[in-house]
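Submitted below is the structure of interest, expressed as structure tokens.
For clarity, chains are labelled A, B, C and D in written order, and residue numbers in each chain start from 1.
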Amino acid sequence: MIRKIKNIFIEGAISPKTIAESIGHHQHKTKIGAHNIFLGQVRADQINGKTISAIDYSAQKEIANQLCHEIREAAFSKHDLSCMHIYHSLGTVKAGEICFFVFVSSSHRPPVFESLSEIVNDIKEKLPIFGKELFEDKSHQWKVNQ
Amino acid sequence: MIRKIKNIFIEGAISPKTIAESIGHHQHKTKIGAHNIFLGQVRADQINGKTISAIDYSAQKEIANQLCHEIREAAFSKHDLSCMHIYHSLGTVKAGEICFFVFVSSSHRPPVFESLSEIVNDIKEKLPIFGKELFEDKSHQWKVNQ
Amino acid sequence: MEMKLRYFGQLQEATGKKEEVLTDSFESLGNLRNFLLKQYPKLNHVHFKMAQNNKIDIDSSPLSGNLIDLLPPFSGG
Amino acid sequence: MEMKLRYFGQLQEATGKKEEVLTDSFESLGNLRNFLLKQYPKLNHVHFKMAQNNKIDIDSSPLSGNLIDLLPPFSGG
């Protein structure tokens, strides 16, 4: 099966409503028995007495979508997955809001548990996405992934 | 910290709206950076030409809630988790609907990935919950976990 | 001593009962199990655990509870 | 040959530019990197990858693209 390259980017935060709709769309897929969802949420970290109020995300979208496509295809080859949905925010996402959503489904548990952390870690490591951490006093620093 | 024994049981299916509300309640917990959610969905398995249309769940609730409490406390001791929410359906859940919801959150990724599958597997193995698989022709069989 | 027995899941079909009250006394949970297996031969076809007073317990334990639950294989999730 | 350079994330601050068009020619991506490090000394403080024509590429590759992206450390998620 050849799958199209999808656009993973959503402007602004990913709302709980969007996530609920995505879950609801699987009700007619009655071969699915297990879903596993990862959500990244913006933390209000304190750094030298200043608090992060939001992250402003940008990306090289063409490359990010292409690499995400490759990560997706590799996961489908390796694991017995029914479907996979990946979204990442662009622009401003406030502390407490969700910026990253990875959703895998399968008939049974093992494939969703085995695949999800791999996919999440690969995306964070390989996709050219850049987070600018905004402090409450309007200063900023550039996010560093550990 | 001594936590109260919670009631994990919900009558009927767990709706995407309930899941969205649960996610939304974490927006003010701005030390959280990572959520991981497992959802169990009822499959319309075909057995000898008959299709499962629903599962009717029952449980020894006192024991199940007590054992779930122990699983929860063990996970909090072992992993650096901010919060944990566990729900399981009782009564009839139709194929395609969600019957099991486990939600863990932490500042960072590793604790949520490490803990979620353990918690899910423990619950399925240890809690006295019983699934009666209902076929479309009104006959039934008793669910067996693998 | 009176004790209430509750049958869960498929054990309700094997016994034809949801619950019953027994007045016999048994030394251990295992003795009660053997009594029930004779009473309800269909129970021989299903593995089941026993609990007393809301705690799953082993067959060698003295029977001291007045609430006994028979629990067939677990299949939550 | 004309090529468009785009600067992402903190590299926009290091160069003071979002993008620019160069007409110089360079044999390899590495040669272009060295040119830019001299042009914008602040780039020395940030590790960055380069991409040509929407593919991340290594410094030893011949420079053949007309769209060059400079990508600072990734921090998605």
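Quick note on the criterion: contacts are C-beta pairs under 8 Å (C-beta built on N, C-alpha and C of every residue); 3 or more make two chains touch, one makes a residue touch a chain.
Predicted, not measured: the structure shown is a model, and the values here were computed from it.
Undergrad: Enter the minimum step count from subunit A to subunit C; a value of 1 means the two chains touch.
TA: Graph distance in the chain contact network comes out at 2.
Undergrad: Provide the C-alpha centroid distance between subunit A and subunit B, rounded to the nearest whole angstrom.
TA: Taking the mean C-alpha position of each chain, the two centres sit 23 Å apart.
Undergrad: Distance-wise, how many Å sit between the C-alpha centres of subunit A and subunit D, to the nearest whole number?
TA: 26
Undergrad: Using mean CA coordinates as chain centres, what's the gap between subunit B and subunit D in Å?
TA: Going by mean C-alpha positions, subunit B sits 49 Å from subunit D.
Undergrad: By the touch rule stated above, which residues of subunit B touch at least two different other chains?
TA: Residue numbers touching two or more other chains: 40, 120.
Undergrad: Using the touch definition from the top, which residues of subunit C touch two or more other chains?
TA: Touching at least two other chains: none.
Undergrad: Let me know each pair of chains that touch one another.
TA: Touching chain pairs, listed by label, are A-B, A-D, B-C.
Undergrad: Which of the residues in subunit B end up touching subunit C in this complex?
TA: Against subunit C, the touching part of subunit B is residues 40, 57-60, 62-64, 66, 88, 99-100, 120, 123-132, 142-145.
Undergrad: So in the complex, which bits of subunit D are touching subunit A?
TA: 6, 8-10, 49, 51, 54-56, 69, 71-77
Undergrad: Write out the stretch or stretches of subunit A touching subunit B in their complex.
TA: That would be residues 16-17, 19-21, 23-24, 26-44, 95-98, 105, 107-109, 112-113, 116-117, 120-121, 146 of subunit A.
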